[in-house]
């Protein structure tokens, strides 16, 4: 049977691209490393390095960002932790099966590497705070968890002789703690850890704390807001480490922040902007829990007021529809008023594959966090605001202006580097 | 029967707003003055001046543009020409009847003013070039037409003691002349007028020529491209008159130019962007003619390449659906490729009322052309690129960047004016 | 100002159509008589009788139903009850204002008749069971309420010398009683009324009880299920009165029951059918209450299993979006599996005006209930299953088969009537 | 790497299902045997026989049709003709590559059988009438073509000891001959063949003529209308052979004929029904040719008048969008008028895979044509009207009533067969 072009030689081309002598300078240590996004990230990074797929989806593959000396994707080594769950190769296979996104042949060619990556995965038992009901004695103490994570990150770095490890949070939405930390210094945070206050401290805060303690740049792709915890921010300043978040902007909110200004420019007054999100992946299952959903919705709801200057009626519905798998389908109705107060409507339907949209953003963020750390930058990475629903350190919600921050950042570095060359 | 609030007192409030002593400083002399857009423009301008409707739809009603000393809408006097057709009051009534956009009570309150405006309307016989087949002897000579138009504009200005008249082209899409003018100087244009070359010179070129000869700023809201004619551009330079065009951006193209960058930023590769426009007004009927449609489509098709940097498969279909009246319905399918080359889709439906969307833009443009002329600016008005499908003098197609030009323009004038105040 | 054709002569044509000598043979006594549907019903019935609008929306205006000797719409006299609220003329005016459905001139011409109809409206104080928290002493006893309603119906019939009164329930969705009646005979129902068990007996049950006690045919257009109460069914049998319900089928469910069979015929396996309803009228506001929504959703959810033979994942979301007014917008996503188990999708958007869709159905039902009663038929009216989400006495949910029941019914009556003529 | 369940054992399960001793009683001889639909048909038929996929998409797999003694799908042997083009296995592979519909592992397991089937494929040179310009001498004479086809069908039948061969036309839409045959008898048809009138006789007519001459039941799945040719109908009567057509109903028209009655039942007057079809397969490419498109559109346009009883404004647009591959995307806007003449809208988007929708219908039709022939039935198969856009011998266009014809047919045969068993 004839092969679709090139499929047969996938394995060979992959092997060629993985030269043993390649220095894996940068590590990406991922919390939630066996999930859909992480599996897609790895398969996609390797496939692209081997020239099997295009650059599509990667912002950092385009000028001017591609002119910065970002880490090469094939120089990134993956590891991380997960709470049980399917092996990486199973996750990848089920992505094909459920959503037919990743090519079967590609998956087969990758299977050895996925299996090998498992060696760098820490299996963490599920902790009481994630599952609710368990009694305290069931689970490890917070400081033990943090210690285990730090040790694993350190070992990962040493084992592969990595120059730098970026820690990325790709876990699911968690319930917001019922009450905030009592006090907002790093000392207060460390005291609460010491006191094992699992009612106040989420696992995401633990990952951020462990990462920064190990001087690793930190990327929060989840809505869990650990990067808003004052103790975490203080720790990042203290260690002089860059970090970014919250909540990767991949679907409906991406469009909202790209489109809302159109109404503002024309003084078309938005009466209602009603959004419905249907999704069938684990994320969707988690978001059926009202408290987890609340965490998510928070970021989706405040973007319109920021861009329009007033708050229209804006409902956001998230429904779990298992058969859709990873294919998130969003429908939005925008009801607006024009000249002579005549009401009109726009509606859109977005049919995107969640992990396919998210994974390249994560790769972009790893490369940009690595770059920022190398350049000695620290604190919130304002330049990547366009990647997040609720960007740390940036008020602006409009996608176009946010993207301008990234272009300015690139321009500054490119000027500096050409000036250096000029003086040299 | 109880009245919806305020409707009963419309006439009174209107009468109060039209103070006889008001100086109508600026005239808007419109080619196509009895069409839907012009009728909506007048009713809307008066209703807003009387406080009966909100500012919705007007860009110039918002800061920073509202901080410029633009002409007050109630200081604009309307007039123009049309080729037969229904009276203005009939056009307005039929807008209500066909599309239920303008409130009946509002229309009734306006009827006297619409009737009065007819006094400033020049009834021009349809000329051979617009209708195709007629023999030359059937119609007036080009230079006679231009002369009649100039005389009418001059009389309009004098009758109402206007400081300045803005000429606006709101006629339908015309077939592009089969061949261009032989030569590209003002002299060549004038020779062709002298030779009565109706195969080369459209009525729109005549209107532009007449306007500029009378030193009137010129706004081309149609796709007819008279503002691209080199002789016209030369005349504007010579007379030091500002002008702008082409083709008001009100619906599908507006969204395209607002949204396409989202795909570019994320390196989501657009494979196909297929647009379908259904409309039932006169514009729709005219666009059933293949040669008129061609004029229109030209501007709709080249925006994507400009923004994306490559040309995706991009079809634009325009179908005439009489029952929709003025409610233009556009459906677009965007097929794009993300990470791992996975194809995904977005689609949107836009249900907007054509004249309700277009009229406030025309009012904005009249105010801005008046301002530019007052300030001694001339040539293509780059600051209003965001209002046009194919803006004169600006390559940029992205709505957000185009709007940036307008903000910069406003900022320049506001700074200057505050500096003046500072020195005073 | 020229008038849209015929508008100016509305009042005259209306006056001609209301001949004083006309015998109003049939009364329509409506619970919820000041609501949007009732107001639309009256205006529409009168406008059609005067020839001002077409027959659109009326099933009974088409053959074969128009061949039955149904009561003429202009022979129907309206009355009923409501719980405070705006006057009828205000309701009608606000329909125009909020939703621009009914023509202003039409409304003005109708205003006298709407005001006159108020004379036949019973103002009932809101009762504790509808509003929840009030203590028992705040409100009238059930048997007093029923007595007042019966007296009013009787007076209405006598005042206008009506041959027959049809009672129609057009009130909002009510919470389902927490527990069912203890016992399922008419005796049990009457005992509960005597005991004033407002925790078990809804206002809708009272209206049905009063209607049937007065030998009036009963139409339940609401989801309130009083026609499922065994005591009510027994009473209808005892009095030999026809009745029908529940829950008028006007939007999303109408389409579902028209379309679902397409998937069944082709063995296209529906994986998920997700429906979202946005609405901004009183009905929408009421349905924000979880217990009222539950009543409504019950009927929307079971139609698919009946038609497909299996239950797909089927979510129904109802969101209140005030700016939409009466324009209910429904979006449905149907995810289905075809040959080789390939998943495919269909989606639809329905933009319908709720009361414009519901009112003609109510007029159809009044005419058919009147006819059935005249012919001596009683019990559940199976022939009108196509009008309801949850038809009494019929299991079939498919619209096409339900409509077949109506055609068969008409055919039976037409055959019988032509046979009679044959024998005469 | 773990296998998605069962994929690894595909080949084994396939081999088990193809027992050498199986009698292939029925042949399916397909014109256009190397196209997408035919390849999907074969892969799907074999995969289902091996239990690798569900019955989805197959009408004949459901009661009551599954209770008829239809030929088992694994007892069908495939063959046919094509005009050059890719080999079957290549077609199948490219279906995966372009549209990701058929599972890669499934395709691999099928490759041997697809290659083997090529032995039963007649390679016919493209004939002048299909390509237009060639001179007469370039191509074979009509009677030679018919003779070659007949010989091939006969050999196919004998080689595999088939009881019966069904001939199926799955070629593309052809231009309608400029003028009809002069005369409408079989004799006239045969004279035109003798005279080699390629201006009057399409290749589809040749296939039908050859099939019926060989006493093979004939299924026309194309819009080419050879089954309307009077000489062909006469030949079918003469030979007592069943046939059916025209134009498989798979997408937009399917929905139209399922949904239009909803508007009719409610007297909702359809003002406009505007349909847009985007497709990227060979069919789409062919339909870019205006004359081929005309053939197709003819059947799409007349269904509404038949169902509604009047002709609304009904445009059908077909655009070729290569990136969509086999994923046909249709968008329809339905503009209709309800009570009080208020206009409302419904729109739907259909995203279906063309060959996945068509192939199971072809399998259903092969089984039903085989059954009809076995039972001695002949002439137009009215029972399969629901499968066609323009069903032979049936005026009814409503899907539900058409499906009723199939149910009645099944019921008649099942009663007869149970009666026989009763008497036995």
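By letter and in written order, the chains are A, B, C and D; residue numbering begins at 1 in each of them.
One rule holds in what follows: contacts are C-beta pairs under 8 Å (C-beta built on N, C-alpha and C of every residue); 3 or more make two chains touch, one makes a residue touch a chain.
Model, not experiment: these values are computed from the prediction.
**Student:** Pick out whichever of the two, A-C or A-B, is joined by more C-beta pairs in contact.
**Tutor:** A-B
**Student:** Just grab the chain with the largest centre-to-centre distance to subunit A, centres being mean Cα coordinates.
**Tutor:** Between subunit A and every other chain, the largest centroid distance is to C.
**Student:** Report the inter-chain centroid distance for subunit A and subunit B in whole angstrom, where each centroid is the mean of the CA atoms.
**Tutor:** The answer is 45 Å.
**Student:** Which whole number of Å gives the spacing of the CA centres of subunit A and subunit D?
**Tutor:** 48
**Student:** If you average the CA atoms of subunit A and of subunit C, how far apart do the two points sit, in angstrom?
**Tutor:** 51
**Student:** Residue numbers in subunit D touching 2 or more other chains?
**Tutor:** 103, 345, 347, 349, 351
**Student:** Inside the complex, what are the residues of subunit D that reach subunit B?
**Tutor:** Subunit D reaches subunit B through residues 271-272, 274, 276, 278, 313, 315, 317, 319, 321-324, 329, 331, 333, 335, 343, 345, 347, 349, 351.
**Student:** Please name which positions on subunit B make contact with subunit A in the complex.
**Tutor:** Answer in residue numbers: 40, 43-44, 47, 53-59, 61-62, 101-103, 106, 254-255, 258-259, 261-262, 265-269, 337-342, 344-353, 356-357, 359-361, 386, 398-400, 403.
**Student:** State the interface residues of subunit C toward subunit B in the complex, per the touch definition above.
**Tutor:** Those residues of subunit C that touch subunit B are 1-4, 87, 89-90, 92-94, 96-97, 100, 103-105, 107-108, 111, 114-115, 349.
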